[in-house]
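There are two complexes below, and they share subunit A, which is joined by subunit B in the first and by subunit C in the second.
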Partner chain A sequence: MKRKGLGFYLRIYGKILAQDLKSKMSYRADFIISTIGMIFTNIAGFISFWILFQNFPSVGGWSYYEMLFLYGFSLVSLTPVQCFFDNNWSLRMYVYSGDFIKYCFRPINLFFYYQSEVFDIKGLGQLAFGIGTLAYSWSRLGLDFTPLMLLKMIIFLLTASLIMIALQNAAAATCFWIQNSFYVLDLVTRFKDYAKYPITIFSPVFRFIFTFVMPVAFIAYYPSFVILRPDEVPLLSWLSPLIGVLFFWLSYKIWMKGAMSYSGTGS
Partner chain B sequence: MSNIIEIKNVTKEFKVLNRREGLRGSLKDLFSRDYRIVRAVDNISMSIRQGEIIGYLGPNGAGKSTTIKMMTGILEPTSGEILVGGNVPYKDRTKNAQEIGVVFGQRSQLWWALPLIESFKILKDIYGVSDEDYNSMIALYKSLVDIEPLLHKPVRQMSLGQRTLSDILAAFLHNPKIVFLDEPTIGLDVSMKSRIRTLIHELNQVKNTTVILTTHDMGDVDALCQRIVIIDKGKMLYDNDMEHLKGFFGSYRTLKIRMNGDLKQLAGTIQRELPDFSVSADDEWISILVDEERSKVMEVLNQLQRSYEIRDMQLEEISTEEVIKKIYEEGVQ
Partner chain C sequence: MNLKKYITLTRAGMIESLQFRLGTLVIIAGNLLYLIVVYFLWKAIYASAGTDTVNGMTFSDTLIYLVLATALFNFMEMYIVWEMGRSIQSGKIALDLLKPMEYRRYMFWSYSGSFVTQFFFTFLPTFIVVAAVTQGAIHLGFNLLFFVISVVMAVSINYSIDFLVGTICLYTESIWGINIMKQVIVTLLSGATIPIAFFPEPLKTIVYFLPFQSIYNAPLSILLEGHPQPLALLATLGLQLFWCITMTILSRLFWKASLRQITVNGG
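Showing the complex of A and B:
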């Protein structure tokens, strides 16, 4: 049997996605309502951010537009986890009910097959909002717009995405070992809200946690140094792409270990 | 003919936590864990040839699912050897998956939101089925069942029967060497059951696909299986053809009588009068399984006629249902 490469998986994903979108569009009311909901969630998030800055001119030495940049950065980098890995939220239900076994009989990568089933279109609204915020703060900060900057931007956005995906994968995978993993997943999701703040505002204990235990600081804080403050980039910023890949790989291994040892419930 | 499945002395043990009762017990369980070993499958061996339809039977909890899970690579045997189409399922799970098709009762493996035809197209890509093979398979399906109305319907909107039918078609789509069907007719109406049986039979005939069928419905067994394997408490009780099994019970006849009144209640009374034989009732008939080595059917009938008014009667060979029931209860001597 020939080995199934990236092209093979992209083609399958494309087909599932196209079909999935088609069927989602047919539920117009559902589509419109969830899009509006997403827009309001983002606006509400932005308002609380704005109110904060009405009261404090800067946070931990970061100006309003720098913070706005961080905010936009975290929105964009959270898009892939929202769009492509949303099925992680259902994992514990599938595992608990025994329905997860239906994913175990296909001759393709189990992780891919499971995640490909759900594409959450709501993430796209978040992406648009994030890009808008980024572009606005970018121009206000008077940053250069060169191909090198753009490349850095893309690399560090990908890094941040990988870390968030990794956190969610690992949290979701706990359901292979513990009964109710909802709290783990929920905890991780709550922590990601801290991604949009510079970690210097937290106490040293939380700084340590956000860097090494739940590395949410890598989602926006460390990467944005490269763009915002090129003169004072900490070593951890340069390392973050590596850390992103490493974390993603680890979380994939954990997920697969759980999935491959899954044997279903009695029938 | 070559063997498509070889199972040699396979045993599967599970470590099960002895749970203590009550809240205090649960707290104790947190700290000191007390395990026992449960043998779900105990030293089973069998060889299955390409193209056979095997009825894999046993009461609930006998170890059927565990065996199937080992054959599909989900579980690793504790000891013994399994070869499925030349692969060791647990080690070559992906390779094995390419050669098999699986339908697990009521759990649909199709994409819930997608119309059936789109699911088929994605499966075609996943299994790398050529256009030619795919088209001829769809043509075959069209000749066997009326799938036109199903093709453009999302799986979510299908009835249980349509979904089961779709799942079976999806399992055969890549022309696998073996298809595992776990209770394919559970919860279906009589006409759907019969359509599904016919479909499985036809596909087995045309494609020479090996079918491993677990079921509690003896109608499935009568319609499809030449050979049956029975396990109970993890041990193999029987592996041979159906006729041979019925031969064990050659001296048994089923006497069916029809009477006025509540048949279930009457059956209970008759059972007390005839403690040697098993008496049961359905909506129409009271069935008495008579072993002619003990007493002749006519004697039983005479005895009954003295105290009951019998409106109608039938005499039948022992049914598959009764054979299996006797084996579950008494084993094979």
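Showing the complex of A and C:
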């Protein structure tokens, strides 16, 4: 098959996105309520955070604003998975009903076509909230603001989000082998709530697990070192972009392996 | 006799909930992970605080509170809003309304089976493990009896709130957004994520005027109080009873007024 360029895929993505937004807009009330619900979730998360720190000045050597930075970082880096890969949640339904076969007949990359079908606008509220939190804690911590810092920030945010995308892809792909992957997906989604805590609070065993087995520490903890404490960056922080890309590639392979062995339901 | 139809529904619910064994296993694994995170997080918090008791709660008090709140959550979460929303969208509600039992009662009793299984498979094991691990931090006496009474009322209040919110779906036809808003408000204001004892002053007073704290905070504080003041105990239970009755009446009235709203699309 002839390889198609990036420009081609971007153009296709734009077209599919426009269709998706049009169909979403026809359920306007649902759209508005869902967006408010998402904002509620973020505000509640912030309030519980705030209540905690009303009672305690710091947690495990991390100050309030540093924790806030981690929290904002995790919110922003979790936005892409919410916006661009939300169709993973429907995968098990498509596979179960046999509708998945329709994606197999398109002359473009299967994974790309499947994920491009849904764009979740709700994630944008989270993005705005996360950026606000980051900016606030950034100024309160008195960190410098230089173009280089900004560049580092963007690179590390992007690669951090690859980790969560990879986890979700792999979790969703389990439905090609086991019928009901909802519980696996749900379990993995709960991981992201733990991303906002510094892993130094855990015992060595769980530090190891959260770094290498379930790599949630790469969603906020390791990458934010580069900005937050530039003098004591551990090696794993510099490796985190590499690890993000590696994990994404692996999850893509798993997903595609499942999709390629899919034989339909016969209807 | 009259009672037979309820027991039949309970049995059917028990059999249904035992169908998804893999799902239950994954839920238990997810809970374990959550408990580990909670344990280390609060341990670090108490270590940073420097004192053993914060706001009248020791570390083991807080741990028991949060662990049992999770167990209670699994036990009480009935996904009523989802169920109602989906049957409104699909039109199944028309069939349910034709059943020779009031809809509100029918929904409750068809879920009662999962109460029984959840109680034996998640709540009781968790309770025993926590009681064993914290070694006598849970006082085993009359407070257990009051705890059970309190939980029964909590179930009723929780169900009424769920039913009330589910009724809203008749108007909005949006499930996800409504459900997430309810979940966020209930878990935060009921003290399921952070004990209400930690709330800062104006917020604490407001929360005590709302029905949500009767769901998690009331039963758990009764359990933790080994030797309660009779008056305080009576006040807590009385407040719960008040909300129990008020919310039941409210949800009934709202449902009656809303029944006319139902539009079923086709058959």
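Rule of thumb we're sticking to: the second predicted complex is superposed on the first by the 264 of 267 C-alpha atoms of A that agree within 3 Å, B and C clash if a C-alpha of one lies under 4 Å from a C-alpha of the other, contacts with A are read in each partner's own complex, and residues count from 1 in each chain.
Simple rule for what comes next: contacts are C-beta pairs under 8 Å (C-beta built on N, C-alpha and C of every residue); 3 or more make two chains touch, one makes a residue touch a chain.
Remember, predicted model here, so these are calculated numbers, not experimental data.
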| item | value |
| --- | --- |
| Clash-or-fit label for the pair subunit B, subunit C on subunit A | fit |
| Which superposed partner A:Ser203 touches (first subunit B, second subunit C, both, neither) | second |
| Touched partner set for A:Thr146, first subunit B, second subunit C, both or neither | neither |
| Partner, of subunit C and subunit B, that touches more residues belonging to subunit A | C |
| Which superposed partner A:Tyr194 touches (first subunit B, second subunit C, both, neither) | second |
| Contacts of A:Ile12 with subunit B and subunit C, given as first, second, both or neither | first |
| Partner chain in contact with A:Ser23 - subunit B first, subunit C second, else both or neither | first |
| Touched partner set for A:Val184, first subunit B, second subunit C, both or neither | second |
| C-alpha centroid angle, subunit C to subunit B via subunit A, nearest 10° | 90 |
| Subunit B versus subunit C as contact partner of A:Ser34, first or second or both or neither | second |
| Smallest separation of CA atoms, subunit C relative to subunit B, angstrom | 11 |
| Residue ranges of subunit A touching subunit B (in the complex, touch as defined) | 1-2, 11-12, 15-16, 19-20, 23-24, 98-99, 101-102, 104-108, 117, 260, 262-264, 266-267 |
| Footprint of subunit A on subunit B - complex, ascending | 61, 65, 69, 72, 74-75, 93-95, 97-98, 100, 102, 104-105, 107-109, 111, 113-114, 118, 121-122, 125-128, 154, 182-183 |
| Interface residues, subunit C side, partner subunit A - complex | 20, 22-23, 26-27, 29-30, 33-34, 36-37, 40-41, 43-45, 47-49, 54-55, 172-174, 176-181, 184-185, 187-188, 193-194, 198-200, 203 |
| Touching residues on subunit A, where the partner in the complex is subunit C | 27, 29-30, 33-38, 40-41, 44, 47-48, 51-52, 54-61, 178, 180, 182-184, 186-187, 190, 194, 197, 201-203, 206 |
